[in-house]
Every structure is written in structure tokens, then in C-alpha cells.
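What follows is a group of structures, each given as C-alpha cells.
Look for chain A in each of the two complexes below; its partner is chain B in the first and chain C in the second.
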Partner chain A sequence: MKFSISREALLRPLALVAGVVERRQTLPVLSNVLIQVDEAQQVALTGTDLEVELIGRTAASQVEAPGAVTVPARKLMDICKSLPDQAELHFALEEGRAVLRSGRSRFTLSTLPVAEFPSIEEGQGSTELSLPRGTLKQLIDATAFAMAQQDVRYYLNGMLLELKDNLVRTVATDGHRLAVCSRPADIQVAPAQKLIVPRKGVLELARLLDGSDEPVTLTLGASHVRAHTGDFTFTSKLVDGKFPDYERVVPRGGDKVFLADRAELRQVLSRTSILSNEKYRGVRLLLEEGNLRVMANNPEQEEAEENVAVEYSGNTLEIGFNVGYLIDVLNTVDDERVQMTLSDPNSSALLEQPGGGDAMYVVMPMRL
Partner chain B sequence: MASRKILHADCDCFYAAVEMRDDPTLREVPLAVGGSQERRGVIATCNYAARAFGVRSAMPTARALRLCPDLVLRAPDFERYRAVSREILALFHELTPRVEPLSLDEAYLDISAVTRFRGSATWMGEWLKAQCLARTGITLSVGAAPNKFLAKVASDWDKPDGLKVIPPQAMEAFVAALPVTCLPGVGPATATKLETLGIRRCDELRHLPREALIERFGKFGQRLFELCRGRDEREVRPQRVRKSVSVETTFPRDLPDLASCQAALPALVDRLEARLARHGHPPPSQAFVKVRFDDFSLTTLEGSAPWDALMTQAWGRGARPVRLLGVGVRLRPPEARRQLPLFDEGP
Partner chain C sequence: MKPGAAQLPLGVGMRDDATFANFLPGDNAALVEALRHQLDDDGEPFLLLWGGEGVGRSHLLQAACHAAGDRDRRALYLPLSELWHFPPHMLEEIERLDLVAIDDLDRVLGRKRWEEGLFHAFNRLRDAGKRLIISAPAAPRQLPVTLPDLASRLTWGMTFHVKRLDDEGRLEALKLRARVRGMQLPDEVARYILHRGPRSLGELCQALETLDRASLSAQRKLTIPFVKQALGW
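On to the complex of A and B.
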């Protein structure tokens, strides 16, 4: 194998592919990136952690000998990053080691056999459909923050992707709060499909997508989902499990509805949170006509109190929340203002754009 | 600080006592409750007739049967023991809310603030013993002392059916004459070490300066220094916070491979779920799998993956025949439970 490529052509796909590679691996070869070069000057880079696989394609400037090699992903990326802009990189496989030359620099990297590099088995793709990349990205961005991280209920450590005729929906929840976002799409899926994409797959997929109207093609298999975007092929195992029914937890009939300036409320909550219990982050909200009072205290008996004007006329309500859950929502709502619907101190809150939008956020309170 | 009054109440050979209560023919024979010899079980409890043969709790059943071939062995019926335990705990709570259960059959009670029985620990002890016997048919041994350590020593003093009170003014003399083997944490090894120093009783132990004890016994040396002076400041903590719920099984024969471990999982998970249900489905935070291999090495793997995935990973750490498997969940701390859940937190 021997080829040349510009730093710029290599860097973006390499950075994305290296993102999939975990720092700590059980199998040594999983720390490596697979580089495959063909006669058509196409370079394919592959990274995997056995759950998520990402292949990035780019073009070599010259190929003397096609071939394949695996080299440590992070080291290669760090080298490429630190070389000067517009540098030309020359790769060669010499006596089982990968030699990278550029200008007056030379790096010799260890390799592992290409045959040891695992690929996620290509399952039967049953359904294929296309969406604008921007649509999928917005859906993920609107909900990903609510995914669980390491929950016993492993199916919560991921995102539900629901596809049906003319509609795509994402749902994420960690059991305390839930985010759901739906967008119309020009797709036909019968019967409707529901897949749980694991957390890491969701985050890596979001990094691949730009906000454009260019298509991303999804192939839905029984145990895998694959996404194609021009130069990238992303494959993720699916989480086997039953995702909770989001419709059951979206509150209906909350009678205390207020509107607040999103940025202002977020700042108020962020400041108050400084003096909340660091671990559990509880704050108390006291909703009155025209005013929302936010209070926090911590085990050291320090206290914070803030007041913010809100559009509200109704009965007084006092309710507690994990302030982090509210701030996450306010960081995500796509509007100048936010609408919050409450009913009583033990029932969930609904946050959304004034009048309702594509996204709904449900947050369960904390006992005061 | 005002002197405290602590009771330690301990049922006499509890599991065996429940069995004898429910089947009086067992009263006259050596009886043990535990796992069978074939299943490599151990003795959980035995009655005093069995103790006369040298049978002790935690002894392998096979060994107990060699010591006492006529030993009657019963498999434990925890459901029944728990029911009796609940009655006894309820009785304790009639005396004071400051009850710290240690297991199904023993508890500390802080009676410092109790004014009934004219505040007399002796009368309270007598009342508890009489009530417990009348209501449940189980005999209690009760110890009373100014701290937990001595209360526990006292409850053991006149077992079975004992009542020993160590009033504050008698404490000094009592501790001075106490054999060091009565101190919690002093087992055969420590006792031998002390004996080579010519130390058998607490008053002799007091001659060793703190530094010498710490040098010889590490952190435990500090504790020894306190204990031999009868000092123990530990509070009675009414709710011991349950941090995890788990079940485990030692198999009659080692499980040879991963597949047989996986096959044993569903039954364990069922038992865990039954146990969680009994505790009112406390909210879990993490699942874990425990594996003891045939070389007695032990590994515990915690995570959020499904059980079979945890099992595969945990087994891979030893990759050899397996003696014991356990599954459990860590629970969310009570403070975290203020956060209300979106979904009904079932098993």
C-alpha cells in the first residue's frame, strides 16, 4: 500500500471515524482505524467499537499501490491535526509498519492485521428511506439530551426513532424527564417502524449530519440501522427492548399555564442552581400572578432567591424540580419564549414553544 | 454527654426456634436449619441440643452431620421467619421508635429517652422478653448497657433466655475483667497475637499505649484502644439505609461453562424480582452480577446492560467453572428518591 493525500482531505473523515473509537478497548485492534485504498483513488476509513461502525470516504491525490492497513486511530489523528495546513501526506506500508511522511517529518506507526479488524455483520435491510439531513439532525438535537446514561433499564440508554407515513419522531427519556419531537417528512413506511438507537450511535450520527436539505438514506434492519450520507456510512446495532410509551406520560389537562422569556428564565435558574444541593440540584418554584419565584438552598444552609416576570394569572403553586432538567429544556426550545404547563406539585410539567411546536418536554417534579 | 441506655435484643437460635415452635416434636432432637450436604450448604442456625455436639452456624452441613449423625436438618423458610421478625420488630417499636434492626432476629434499641417502666432498663428487658414469648413463642436474650458494644456483649452473657444489665457504675469493673475474645473483631488470630503479649483480659490490654496498638493492628488498633476502655460512641441508627438488594446461589455442582451460567440466570433473576417486590420495588440505580469461580476467586460486575451481557462479561474475567452466581441491583439513595419518576417503577 502506498498513497498520498492532502491533510485537509483526510482530517474531517478521520476525526469523525476516530470519534467512534473508544479510548479503552478490550480488543487491541478496536483502537485502530482501518484504511483501505483502491485504484480509483478512493480512501475508506473505518472505526468501530462493535456497536457502532463508521466508514468515511475521501479521495487520495495519488495511489501508487492499493491496499489496506490498520493503525492507531488517535495517534494518526493527532499527527494529522498537528501537521501544517495544506500539508501533503505520503503513506506507505514498510515491513509491517505504516510510515507517514510529510515535508521533513516522518512517523512510523504500528499496525495490526487487517483480517483482525471486525466489521458489523450486514443484516438484511428490510426498509430503505430518505430524509433531509437537516430534519434528522434537528430531531436528534431536540431530544438527545434527555437520553439516560447508564440506566439499569438499558433501553433508556438510547433514542427511540419512530418512522411512519409522512412522519419522523424521536423520543428520549431517562425516567425523570422526556423529550419528544416530531417532524413531517416525505416518507412512506408501512407498517410504522420503531427502533432504539443506542446513545453512542445517536451522538455519532448527529456529528455526521449537517443542517442541509441533502438526503440521508436510512436502511432499517432487524438488529441494525444504517445511515448513508454521501461520504459516510454509519451503522449502529439497535437496542433490543421495549421503549416506554411516550403518550402515556405527556400530561394532559394541566390548568396552570405560564409564558416566560426563555433566555431570562434560563439565566435565573442557572444562577439559583449555584446554591442548590450539588448532587440533587433541587430548586423550588413559586408561581404567582405575573411572577415566578425561584429558590434554592444547600446542605450548608446557603440560599438563593430570584424573581422573574411571567405571563400568568391563576392560582398559586409551589413545586420542586431538578434545575438541570429545566435548564436542559430551556437550552433546546427553539423560540424566544417558553410555555410551561403545571397542575400540582406531584404531577409532571410540560414545556414547549408558546402554543405548542414540534417538540414537547415533560419533566417530573421533586418532592419539596 | 449524658449516659445513654442501649438495649441489644437477640432471639435465641431464631430460625431453629421458629421451626421448634411450629413443630414441637423438634424440641427434643438436635435440629439445624441450613442448606443440604448435597448442595454444599452451610448451617444457618441450630438449637442448643445440636450445639452440644459442636454444631455451629456457618459450619458446612457435611461437617455438622459428621459431628452429629442424628442431626435433623430443615431447609430455611425465610417467608415464615420474616413474618415472625415483623412481629418482634413491631414489639420493639412499642417501646421506642429508636430501633436499629441488624438482621431478622436482632436489633439495638436506644431507650435513653424512654420514661415508661420508670426508665428502668431491667424492667424494659423483662417486659420485652415476656411479651415476645407470649406473642410469638420465641425467647429473647437482652443486654442493656451504656453503649452498643457492651449491650451486645451483655445479650450474649446469659444466653439463652438471658437478661444482663451493665449499669454505668458497674461498667468499669465489667470491662476490666472482660476476656479480649469478647471484643468484636478479635478472632482467633488477634487473640493469639495478644496472648503472646500476655494479654487475655481488657485491663491487661489497657497497658498497651495507643501507638503500640496502632503499630501492631493498624486501624483496628485504635478501635481496640477504645473498646478495652468500654468506649463506643456509635449511635443507634433507626433506619439502616438499604443500599442494594441481591440474591445468590452456590450450585451443588460447579457450572462448567458460560452457557450453563446463562441457563442459571432466569431463576436467579426471578428470585431477585420477588425480593424486590417484597421491598416495595425500591428504585434501582445499577444492576450487578457476582461470580465466584471454582478457584474461589470472586468478581462483581456492575452495569446497565441486560443480565446475559453482564454475565458474559463477568464470566470472561475468569473463564473457568463457576461455584456461585449472584444477581442484584444497587438502590438509589433516599435523597435521590425525592425525584419523582415518570414511569411506574416496576421490576
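On to the complex of A and C.
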């Protein structure tokens, strides 16, 4: 194998593909990136952790000998990043080692056999559909923060992707809060599909998507989902299991509804949170006619209190929340104002755009 | 903030209804088979299940009703341990249903109106070709039935002794129930719960429900110290 490629042509696909590669691996070859070069000057880069696989395609400037090799992904990326702009890179396989030359630099990298590099089984794709990349990105960005990190329930460590006729929906929850976002889309899916994409797959997929109207093609299989966007092919295993019924969790009939300026409320909460208990991050909200008082204190007996004007007329309510959960929602709501619906100190709060929008956020209170 | 501060969990845990999918048959495979096929054309019209406390009789009766519902058949589960102090009006026109599951028959034995009501319900169900399941803590002939006609009817069907799971079976059953809830229950923790917890599987499953909620609230894994703390052991 011998080819040349410009640093710029290699860097973006390499950075995305290397993102899939885990730092700690059980199998040595999984820390490598697979590089395949063909006569048509196509270069394909593949990274995998057995759950998520990403293939990025780019063009070589010259191919002397097509072939394939696997080299350590992070080291290759760090080298490419630190080479000067517009540098031309010359790759060659010499005596089982990969030699990378550029200008007056030379790097010799270890390789592992291409045959050892695992590829995710090409599953039977039953349904194929296209969405604007921007739509899918928006759906993921609106909900991804609520996914669980390492919950004992495997189905919470991911995102529900629901596809049905003319509608796409994402749902994520960590058991304390839940985010749902629905968007109309020009798709026909019968019967409706519900997939749970694991957390890592969701985060990597979001990195691939830009906000454009260009299509992303999704292939839905029984155990995998595949996404094609121009130069990238992303495959993720699915979480086997059922996702909680989000309809059961979204509160209905809360009678205390107030409107606040989103940015102002977020600032008030961030400031107050400085003096909240570092572990629980609890803040107390006191909702009164036209005013919301936010209070926090910590084990050192330090206290913060802020007042913010809200549109509200009704009974007084005092309720506690993990301030981080409220701030996460306020960072995401796509409006200048936010509407919050409460009923009592033990029931969940509903946050959304005034009058309701694409996204709904449910946050459970804390007992303070 | 007081030390009792706690994040309340959302109701996103999985429901663990009693179904055939989360019943570990153990030595009861023939019984489960008979229950699963009872609604088929050649299914048994009447099954009687007997066995000790906590062997899974209620689970099986509820599972049969859920399975009937999945087949768009109408089923009714009657737990007599909760209904015995009502008059037996609920047995009227019961033959309009496809399947009736009567749990804990012993709770109404010796009560004249109930025994008569059950006798007539039995006859009407049989005439209408509908299915009946009855559970009791002892074999039909050992039950203290006052009405001789009812006593004889109880021996008409197919009778099964529900057998208790052995320790390995109980371990497997507990892990299965945890899995249905989406929880990973390590072997050593499951063994600890079985060793320290209640004898009956039903009560163990209630303990799992408590653990489910507690781990959702605390976002903790199921370790022995966490189980001790959550269940107050």
C-alpha cells in the first residue's frame, strides 16, 4: 500500500472516526483505525468499538499501490493534527510497519493485521428512509442531555427513536427527568418503528450531522441502525428492550402555570446554584403571584436568594429541584420564554415553549 | 437542606406484570403448557391448580388472563382473598366471558351463598363451553367444601400440583424478574436477597419493586450494600 493525501482531506474524517475508538480496549486492534485505499483514489477510514462503527470516506491525491492497513487511531490523529496546514502526507507500508512522511518528518507506526479488524455484521435492513440532517440533529440535540449515563437499566442508557408516518420522535430519560421532541417529516413508515440507540451511538451520530437540509438516509434493521450522510456511514447496535412509555410520565392537569424569561431564569438558577449542596444541587422555588423566589443553601450554612418576575396568578407553591436539571432544560428550550407547569411539591414539572412546542421536558422534584 | 433530601424518581421503571414470559416453569412445564393452550378449541375446559403458599398460583392465573387478553379474548381474574367478604354477585352472567380465573378458592369455602354461586357458575360456564381455572392451597378432596355438588365438580377437571422451585430455580426466577424490569442483578446479590429475604417469590418480587424505585432515585447499581440500605435489612 502506498498513497499520498493532503492533511486537510484526512483530518476531518479521521477525527470523527477516531472519536468512535475507545481509549481502553479489550482487543488491541480496536484501538486502531482501518485504512483502505483503492485504485479510484478512494480512502475509507473505519473505527469501531463493536457497538458503534463509523466509516469515513475521502480522496487521496495519488495512489501508487492500493491496499489496507490498521494503525493506532489516536496516534495517527495526533500526528495529523500537529503537522502544518496544507501538508502533504505520504503513506507506505514497509516491512509490516506504516511509514508516514511529510516534508522533513517521518513517523513509523505499528500495524495489526487487517483480517483481525472486526466489522459489524451487515444485518438485514428492513426499512430505509431519508430525513433532512438538520431535523435529526435538532431532535437529538433537544433530548440527548437527558439520557442516563450508566444506569443499571440498559434501556435508559440510550435514546428512543420513534419513526412513523410523517413523524419522527426522540425520547430520553435517566429516571429523574425526561425529554421528548417530535418533528414532522416527509416519511412513510408502516408499521411504526421504535429503536433504542445506545448513548454512545447517539453522541457520535450527532457529531456527524450538520444543520443542513441535505438528507441522512437511515436503514433500520432488527439489531442495527445505519445512517448514511454523504461521506460517512455510521452503524450502531440497538439496545434490545422496551423503552418506558413516555406518555405515562408526561404530567397532565398541572394547574400552576407560569411564564418566565428563559435567559433570565437560567442566570438566576446558575447564580443560586453556587451555594447549593454540591452533591444534591437542590434549590427551593417559591412561586407566588408575579414572582418566583429561588433559594439555596449548603452544609456550610451559606445561602443564596434571588427573585425573578414571572407571569403567574394563582396559589403559592414551594417545590425543590436539582438545579442542574432545570438549567439543562433552559439551555435547550428553543424560545425566549419558557412555560413551566406545576401541581404540587411531589409531582413532576412540565417545561416547554409557551403554549407548547416540538419539545416537552419533565423534571421530577426533590424532597428538600 | 435536610439530610432526608432525595430526588424523587419518574415512573419510568418497567411494569412487571405476572405473565407466562416472566414465570419460570421449573417442574411445572406440563401445567404451563395446559394453561397456554386452554383457550384453544381442544383446550381443557377446567383446570384446578393446588399448591402451598408462594409457589406461583396467583402468578399463573393472572398470566392466563393476560394471555387471553393478548388473544382478544375476555378474561376475568377473581382473587377471592380480596373479594370473599362481598356477596357473590360478581359470578352472575360470568359465562359471557371466555375465561374465568378464581384464585384462593379456600377463602369462601363453608360460606353457603358463595359455594352455591360457584356451583351454578361452574355449570353455566361448562354449558357455554367457556374456560375456568381455580386455585386452592390443597388438592380438591382435601378442601373443606360443604356443598357435596360443588365438591364433586371440583374433581371433574384436570388437576395440577404446582411444585415449588428449588434454590437454583428461585435464583433463576429472581434474576428473570429483575431482567424483565431491565435491571442487571449480579449472582452474588441475587443470592444475598434469596438468603436474607422473604420465602415467597411474590414477596421477593415486591422487594424487587422497592429496589427498582430506589435505584432509579439514587442512580446506583444493585450492590449488596445498596440492597441492604434500600430494603432496610
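Keep this in mind: the second predicted complex is superposed on the first by the 368 of 368 C-alpha atoms of A that agree within 3 Å, B and C clash if a C-alpha of one lies under 4 Å from a C-alpha of the other, contacts with A are read in each partner's own complex, and residues count from 1 in each chain.
Keep in mind that, in the parts below, contacts are C-beta pairs under 8 Å (C-beta built on N, C-alpha and C of every residue); 3 or more make two chains touch, one makes a residue touch a chain.
Source: prediction; values computed, not measured.
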| item | value |
| --- | --- |
| Clash or fit (per the criteria above) of chain B with chain C on chain A | clash |
| Touching partner for A:Pro72 - first (chain B), second (chain C), both, neither | neither |
| Contacts of A:Asn297 with chain B and chain C, given as first, second, both or neither | second |
| Partner chain(s) touched by A:Gly282 [first = chain B, second = chain C, both, neither] | both |
| Between chain B and chain C, more extensive residue contact with chain A | C |
| Chain B versus chain C as contact partner of A:Gly221, first or second or both or neither | neither |
| Chain B versus chain C as contact partner of A:Asn157, first or second or both or neither | first |
| Partner chain(s) touched by A:Gly19 [first = chain B, second = chain C, both, neither] | neither |
| Superposition clash, chain B versus chain C, among 241-249, 295-303 or 313-321 | 241-249 |
| Touching both chain C and chain B, counted on chain A across the two superposed complexes | 150-154, 173, 175-178, 244, 249, 277, 280, 282, 320, 322, 346, 348, 362, 364-367 |
| Chain B contact footprint on chain A (complex, rising order) | 150-154, 157, 173, 175-178, 240, 244, 249, 277, 279-280, 282, 320, 322, 346, 348, 362, 364-367 |
| Complex contacts: residues of chain B adjacent to chain A | 284-287, 303-306, 329, 335-336, 338-343, 345 |
| Complex contact set, residues of chain A against chain C | 148, 150-156, 173-178, 241-242, 244, 248-249, 276-277, 280, 282, 297-299, 320, 322, 346, 348, 362, 364-368 |
| Residues of chain C touching chain A in the complex | 1-2, 4-14, 181-184, 215-217, 219-222 |
